[in-house]
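The data blocks that follow each hold one structure.
Look at the two complexes coming up: subunit A is in both, with subunit B in one and subunit C in the other.
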Partner chain A sequence: MEERPLYLTSTLLYGFAGLVVFFGVWFVLPTTGLVPVQFLPSPITVAERVATLTTNRFAGATLPAHIAYSFTRFISGFALAALIGIPLGLLMGWFRIVDEIAGPIFDGLRFIAPIAWVPFAALWFGTGIGGPIMIIFAGAFPPCVINAYRGARQVDPRLIEAAEMLGTSDMRMMTNILLPASVPSIVAGLRVAAGLGWQSLVGAELIVASTGVGFMMVQAQANVATSTVMSGMVAIGIVGLLIDIILRWGEAAIRRRRGLNA
Partner chain B sequence: MGAIRFDNVGKVFGRANSGFAALEAVDLDIREREFVAIVGPSGCGKTTCLRMVAGFESVSSGRVLVNDRVVKAPGSDRAVVFQQFALFPWKTVRQNIEFGLRNKRTPRDERNELVDDVLKLMTLESHRDAYPHQLSGGMQQRVAIARAYVLDPDVLLMDEPFGALDAQTRVVMQEELVRLARINPRTVLFITHAVEEAVYLADRVAIMSRRPGTIKEVIDVKTVRTSEDWDGFEKIEDVMDLESFVHLRTRIWKSLREEKVAVDG
Partner chain C sequence: MRNRKAMVGLGAIAGVVLLWFALTRWFGIIPIGRFPTPGEFWDALKQIELRGFAGSRLHAHALHSLRLIVISFLVAVATGIPLGLLMGWNRRAEALINPVFMLIRPIPPLAWIPLAILWLGLGDAAKVMVIWFAAFVPSVINAHAGVRNIDRSMIEAARMMGTPPHRLVMEVIVPAAMPMIFTGLRLSLQASWTTLVAAELVGALVGVGFVLNVAQQDIFPAMILVGMLTVGVLGWFTTYVLGLVERRVLAWSVQGRA
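Showing the complex of A and B:
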């Protein structure tokens, strides 16, 4: 236990050292002229650009507004994936017949990269909100299903027997036993789903959107505004990290409540 | 309500002809409100017997009947108390206990009343909002017993319920169970490998042979218990000191010993 503070300090130290080297190299390459600034703007230029974009519009909106568009799509697609995927996973985990019917279809579809749905997304839903949502859904849906399914299959059989002898119906078995027992697995799945969903979103916006961070980046690229492209990347990274932090925090809170190690 | 009948029951695990026979020709009649303990060498299939009454395990031959009906699936008329408690870790003590009543759609007022009563009976009132992991093993098993008892089942199936508890807690729980059985007698099938426990708790003790398990002998304890007034003693150690207790215990021990020797030889 006494080693923990030391361990923590060294971890922070290494992490900090890594960041210093990363930003150092990034700073040195364009400022020394090794790489032309229009190919790689320095971190300071990017930071300034981010600051400008918070108030000035680019591609029809400010950076926060673009983020808000992207995030709205992300939340819609992600929520839809969770709302459909988790119950489907639990059903597949409890009813063998559902597993046998849905399993092969699902196993085939899940290997199609979300971005491969872009042509259909554009065709079916257009470039408004529907297209991108479908692509996020395609990214976030499989981890939701898989983790709910695995969670349901891995429930302690003694708990299932306990529920059975207490006269539990199939419906209550899923909502009161399988679902709560699978929560750690499901939340882990949601983290993966959020990551994939957020990545797919930006990919989708590069092609089928007229707002959002991805759209902003495509427009910037067309104008060779590299610092704006990088501002978009910074925004994507930070928002993705925040989403993950929130989900990790939720995961830890659930584990603590269960008396599991966080 | 609550008679259990094993009628020439056999159980083969694995394939019917190449699997291994766990039980063979088990015959046992448990009367209504009778407390029967099954003892036997480990691996003799005593837990399998209980699991067949619970509906967790199918029979390979013969029939298991509860209230003259063949057991087909698990149900709340046959409540089970597991060795490893099997409480729902995400539910509080109260939620664990009321879960079965909610399954039965017992109206809220009645449900609350039943739960409060059983919390009191099992002295769990101060832990009602605790989660299982916050409780000791003995307390967790009290919750598991309360969860079974609250449903007022015809049959209570107890699978080495005190096997995971330390010696002191075990004794307290045994005394508790005797107290419960006096307040609210019902049919109990109790699996254990502890001979003293079986003699102390049961009306009859069924001794199983080694695999393939069958009922080799059924010993009447109740007659002795009544004539020697075991129930007049408050503490388990006082009963265990009685000559009548020692005599029965030794007799069962010897019978079991033969099985163990047979296994080792």
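Showing the complex of A and C:
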């Protein structure tokens, strides 16, 4: 933009320099005592803490066990959102009356942050597994609906007309025409949904759960165990990144097969 | 056509309210204590606005949360957009900052809440910090992408006519990146509300999230509903205001006219 792109070596050098400054400052502040260690543990302390937590329990379980609890909840809520959201989006895309009825209700609910469902989720489904799943659902549901709807509305009209001419029923129209044609849009929606669902899960676990990475962080915060809080952040970041990488890879594979540019 | 759509929409919302009466009052299908009846909701609304709940009256809670959102959002935007523009414009700055940014980005803003409480306590400063994180990342990403997607020929044309650098930035780069920046702002705003509500649910002394928190602990479903609807109304209101600003700023573009 400003000039020609940098050479690969300079990009790597600059990137390395940036990381060195970042970790350098983070390392120097606590080790020189400029900032108390309880306030900001150095990256090495955090790394050691992550290693300890893989075998030692904190807040009732080891770090991998907490991750497993969180991930199970995430998959359940995410699957539920996809299983209900995608068909609803397709229905809204095909039947105008469903769109007109569900649209305003959906638009109204959209402005309520998913995390605001926490009190009702706890009241209705408890704090064990049901409550957090409902929060993930609240976070992941809207992108599933919106993208299935958009996908269904953007199907090539020629395909629909051809199918209509052959006397296709509404049901088959949705499963055999709209669904396959809107797969790229739906997968893009699933990626957004996964990101929002994962972050809603973390929020829910901070507030109402009794296991999971979020719960571990809140317990650590109450005990002023900053290195454990930061270990939780690292774990959440890595799992979230892995989920995104897997879905991105799936999205690219589907787009390639469709002959769309990835 | 438009009329029919509005009619069905209104009908749907009236249907929901009717269904609410039916399920909670007339037939009692939803057991008492699970979801409030419309009467209970109204009483809770009167109680919080007239006598106060969780330490303040409703408008005080709402204004407190709204003020936090506006302040933090503006700070995040004022720091995020320039950084994104810089990264889009200057390859060296991009190469320097991007790896660090990529490292921090996967951590959801909500995961910063415990750390923010450890660092800054339960007051407003911790909320400003987490909302800043929530709104900062989308601002940077979209400003960055906005600059990257500018049509090169526009910049070259401006250069050819001898536009000095500061005018090039202010009159070509920034306006051309503006539509993308506004897309980022809408995402930032949504993330800000989610984060604030979560932070206030985890620990606060005032605010709509705190109302939800106390209502949950008191098992007071009507007040939970009041809190949720307040969150919804505030979220809608800020999005509406942002939309007005967008239409003003982007009056020249397709996005602004839509």
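FYI, the second predicted complex is superposed on the first by the 241 of 262 C-alpha atoms of A that agree within 3 Å, B and C clash if a C-alpha of one lies under 4 Å from a C-alpha of the other, contacts with A are read in each partner's own complex, and residues count from 1 in each chain.
The rule is simple: a residue touches a chain if its C-beta (ideal position, glycine included) is under 8 Å from a C-beta of that chain, and two chains touch if they have at least 3 such contacts.
Just so it is clear, the model here is predicted, and its values are computed rather than measured.
Of the two partner chains, subunit C is the only one touched by A:Gly18; subunit B is not.
Once the two complexes are laid over each other on the shared chain, residue contacts for A:Thr168 go to subunit B alone; subunit C is not touched.
Within the superposed three-chain model, A:Pro36 lies out of touch with both subunit B and subunit C [touch as defined at top]. In the superposed model, A:Val183 makes contact with subunit B only, not with subunit C. By the touch criterion stated above, A:Leu123 is placed in contact with subunit C alone, subunit B being left untouched.
With both complexes placed on chain A, subunit A has more residues touched by C than by the other of subunit B and subunit C. When the two complexes are overlaid on their common chain A, residue A:Pro114 makes contact with subunit C while staying clear of subunit B.
Look at A:Pro64: by the touch rule set out above, it reaches neither subunit B nor subunit C. Note: no residue of subunit A belongs to the subunit B contact set and to the subunit C contact set alike, using the contact criterion stated above.
Against subunit A, the residues of subunit B that register as touching in their complex are 54-56, 73-76, 78-80, 82, 84, 86-91, 99-100, 102-104, 131, 133-134, 147, 151.
Chain contact summary for the complex, subunit A toward subunit C: residues 1-3, 5-6, 10-11, 13-19, 21-22, 39, 97, 100-105, 108-109, 111-120, 122-124, 198-200, 202-203, 206-207, 214, 217-218, 220-221, 224, 226, 229-230, 232-234, 236-238, 240-241, 244.
Looking at the complex, you find that subunit C touches subunit A at residues 4-5, 8-13, 15-16, 34-35, 88-92, 95-100, 103, 106-115, 117-119, 147-148, 150, 152, 155, 190, 193-194, 197-198, 201-202, 209, 212-213, 215-216, 219, 221, 224, 227-229, 231-233, 235-236, 239. Of all residues in subunit A, those touching subunit B in their complex are 156, 158-159, 161-169, 172, 176-177, 180-181, 183, 257-259.
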